[in-house]
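For reference, chains read A, B, C, D and E in written order, and residue numbers begin at 1 within each chain.
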Amino acid sequence: MLVRGENLSCERGGRLVFADLNFALGDGGFLQLTGRNGAGKSSLLRLIAGLGEPAQGRLLLEGAAPDVPLCQYCHYVAHGDAAKTVLTVRENLLFWRDLLGDGSLDAGLASMNLTALADYPAALLSAGQKRRLALARLALVQRRIWLLDEPSVGLDDASQLLLVALMQNHLATNGLIIAATHVALGIKPHQVLHLGGTQ
Amino acid sequence: MQQFANPTRFLKLANAALPYIWIITLALFAVGLYGALGTAPADYQQGETVRIMFVHVPAAWAAMMVYSIMALASAMAIIFRHPLADVAAKTAAPIGAVFCFLALATGSLWGKPMWGAWWVWDARLTSMFVLMLLYVGYIAIWQAIEEPSRAAMVARIVALVGFINIPIIKFSVEWWNSLHQPASVFRIGGPTIDRSMLWPLLVMGLAYTFLFLALHLVSMRSELGARKMRNLLIARGGRS
Amino acid sequence: MKALAGLLRRDLLLAARQGGGVGTALGFFLTVLVLLPIGIGPDQATLQRLAPGMLWITLLLSVLLSADRIFQQDFEDGSLDVMSMSALPLEFVVLAKAMAHWLTTSLPLAVAAPFLGILLNLETATIWPLLLSMILGSIGLSLIASIGASLTVNLRRGGLLISILILPLYVPILVFGLSASTGDANIAGPSLLILSAMALASLVLAPLAAAAALRAYLK
Amino acid sequence: MKALAGLLRRDLLLAARQGGGVGTALGFFLTVLVLLPIGIGPDQATLQRLAPGMLWITLLLSVLLSADRIFQQDFEDGSLDVMSMSALPLEFVVLAKAMAHWLTTSLPLAVAAPFLGILLNLETATIWPLLLSMILGSIGLSLIASIGASLTVNLRRGGLLISILILPLYVPILVFGLSASTGDANIAGPSLLILSAMALASLVLAPLAAAAALRAYLK
Amino acid sequence: MLVRGENLSCERGGRLVFADLNFALGDGGFLQLTGRNGAGKSSLLRLIAGLGEPAQGRLLLEGAAPDVPLCQYCHYVAHGDAAKTVLTVRENLLFWRDLLGDGSLDAGLASMNLTALADYPAALLSAGQKRRLALARLALVQRRIWLLDEPSVGLDDASQLLLVALMQNHLATNGLIIAATHVALGIKPHQVLHLGGTQ
């Protein structure tokens, strides 16, 4: 499977964020997005996730079922963690599981070491614990393409190692990862795409 | 490319047609007003106030017609993705709003002598009031959302959803007992009002229609201009 | 299918935990019931005559007021992003959420209202027709609310707009709901039919409209 | 002092930008205006007689409904934390926010309502007394609302609770507000005095109560 | 000025987060809080900021006006950025300035390189730009004690340098800094307090 962006340009709030962006990522590839705040990393990830449309250019997915849109192959972990605070960790994961497909709840919990917290309401979680809940989605349901927006933020050292293991495992099984970050993630990226936007 | 070709062809046509449309509009108004104020008799029970009818009724018709046009254009925009459809709907709204306001204003002016009240909440008046709200809401949507493609989609839905209000207005009088006149022109079994009143009414109706046509073309033209400007600005505009 | 059920279950759970919807609506309902007699004055006859209309209006208002909650939270915290990336079409997402809203807000109120109406000494004869018509009407109310909610999901001035957009669709429901609430069968019969027709129509059209609006905001 | 002014200015700005408060309230008002005559039938006499009561109730409800917004947002996004760390006592924070709520929601509605009442063909004679009493009453409404808002600022079931908490305090305002709205001076006079007394009392007590409640939540 | 915590213990949601914590920080001191997710770093910062009360133990402020509570000497920058999205960057800063005391708006804007963004609504800011807006509060109004919860999160390299400069300057002028973090902040802490809490 190959994800390709052809001279993409993105417009937000009537202003041009980036233009003429090109990239291509194949099986087992890890593309790291870098650039200043406001360069457009998150915006690019949203485009790929189907949450927005490029002002120009196009996104292609090669080697996939023609009738399935790109976004349904993707996991998107954004800046915010789309968790419901009144639901417990388990309930949040259960909902995502039912929504996104099949997967083992325990695997999801274990992947980010949340098993002990399974029955806490998300409201009681600390910042990093919330982040781990969001990341657990990756292991919960198998999806080919991971779109990660600063995934390591707020994680303690142990959890960062878990994340690295998760990503390595995904790449080893021909998964694709596109991650925006300002800090080293602990895995060497195969490609780096630097967005040179405004401040 | 065809996306741009289309509007430009439209602009050519509009520029060519506009002068004639203006002329026809003026002519129709001249004839209609002559008939309304000149030949048509004062109503035996309504007296001279009946002449308000020649402003009121066509305005009401126009208000409903314009909204229907907006709904139609919105449907076109969704089905055929015609680049002009959104522009047509967007620019029609303010004009329709004015017609609607005119119908409300003349109506309540007329209501005072006829019903002894500026405003009564009978079916038709209520539904007409709602139509006014819909116009306002539709215009507000375009104001509230800066992303043009997004605004367009949301506005289309508003126009289409709101359309059911039109039949409600039309049949509100039959629905539940109403102070307001039942349909006496567009009704099964032909008009019931006197010829001497009918023809000026119809002519005024035509006049309003052409007036709308003229105004609509003008504002569509300027809207298209504005859009071209915006696209240029973003394309050129240094990254924010 | 599983996704649909999961979404529905989750929304019901949320409503139960944070009780936003029906809680507020019920509080609103009670408030109105307490204030109305004070506002109208103690005259029993008037109160009785107005009761059905007042109950209907209160029902409409409380559904209207709970409408904006249908999508907003999910839109803001990004849940809607995740949903839009699932295999479940947005139309069904809307359907599930509208159904949850109906089950947690409109239906309970529709069922409660006629009996609360006794406080406005509603004629006992009209309780059952009122109940029937309100339950039928409430379906449309929730679905239409979901349209309004989707159209204003992240608008600054959503509050005002949502009422303006929903109002024209609620008026007919109120009109026919009222005439269906009259004991008289000859009037009630047809009105009930029309109510059901409207419920069906909105069942088909609302998800389409709302989903289209949500897509516009998510893109 | 500067802090107080700054807070007030900011809240007014917020209201203007996101138009939550008055927008929703206004939409609510419009909805009621349109639905009410349908609900109670177009009979002019009844409508006219009920107009003042209906307007008062609508005013109360729309203030009640906008209440929860007073502190919630600031509590959730942490602004209230920052405020509690400033030299400005929380009592004044409450005062500023209640005043902002009054200026952006209660007052505009109190001023608009009597004239909107014309659409319910309210007797022109009662417009001015109604206006006066509503403006006086609205002060208390906003301040009392701030109490309710602070008590439920991060409660799950806030919606229902807030109405129950506020309602008993609103009833007297409604009662005296109504009797103050009658043209008759002998009745109106005393009621107006009582209204002003209630406004003053809440001006003193509401900030104390609300601030105490907020402290409890912030600790 | 000396901030001292004496065998503090903290309870949240009915569970003990940490117990018998002791620390003392004097002028120009930089205390770094570390520990697993959920160890209680944020909780401790909130305690010091007066947003919560210790279950046991006490917090003392020595060498300060007796009638001014500790929290009024503090800047607290939490996980979330308490910014109003509908207000512009400038308007947000103006409000904080009026609320918290005196200070120069331009200095605040410049400190985190926000001058160019001054008139953007905060809603249009990227994650890191929002973070910078929150941090600008530090330079906007002079306060002696800074409580920073993972301040460097989401900042691009340039902004991280700005933050470091800001902190160094503060320490040089006898300011106190207590910062929770999982990543190195670029300044060597004078003390490190490791919270070994539950996960």
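Methods note: a contact is a pair of C-beta atoms (placed from the backbone, for glycine too) under 8 Å apart; a residue touches a chain by one contact, two chains touch by 3 or more.
Just so it is clear, the model here is predicted, and its values are computed rather than measured.
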*What rotation angle, rounded to the nearest 5 degrees, superposes the C-alpha atoms of chain C onto those of its identical copy chain D?*
180
*Write down the pair of chains with the top C-beta contact pair count.*
C-D
*Cα centroid separation between chain C and chain D, in whole Å?*
25
*asked:* I'd like the Å distance between the centres of chain A and chain C, where a centre is the mean of that chain's Cα atoms.
replied: 37
*Report the inter-chain centroid distance for chain A and chain D in whole angstrom, where each centroid is the mean of the CA atoms.*
45
_Suppose each chain is reduced to the average of its Cα coordinates; what separation in Å results between chain B and chain D?_
39
_Residues touching two or more other chains, restricted to chain E: which are they?_
86
*Find every residue in chain B that makes contact with two or more other chains and list them.*
126, 130, 133, 149
*Can you tell me which residues of chain C touch two or more of the remaining chains?*
17-18, 156-157, 161, 164, 167, 171, 175, 219
*Could you pull out which chain A residues touch chain C in their complex?*
49-53, 71-72, 74, 76, 78, 80-84, 86-87, 91, 94-101, 137
*Using the touch rule from the top, collect the residues of chain C that touch chain A in their complex.*
2-3, 5-7, 9-10, 13-14, 17-18, 77-79, 81-88, 218-219
_Residues of chain B defined as touching chain C within the complex_ = 78, 123, 126-127, 130-131, 133-134, 136-137, 140-141, 144-145, 149-150, 153-154, 157-158, 160-162, 164-165, 168, 175-176
_For the complex, give me every residue of chain C touching chain B._
147, 151, 155-157, 161, 164-165, 167-169, 171-172, 175, 179, 209, 212-213, 215-217, 219
*Which residues of chain D touch chain B in the complex?*
30, 34, 36-38, 42, 44, 47, 118-121
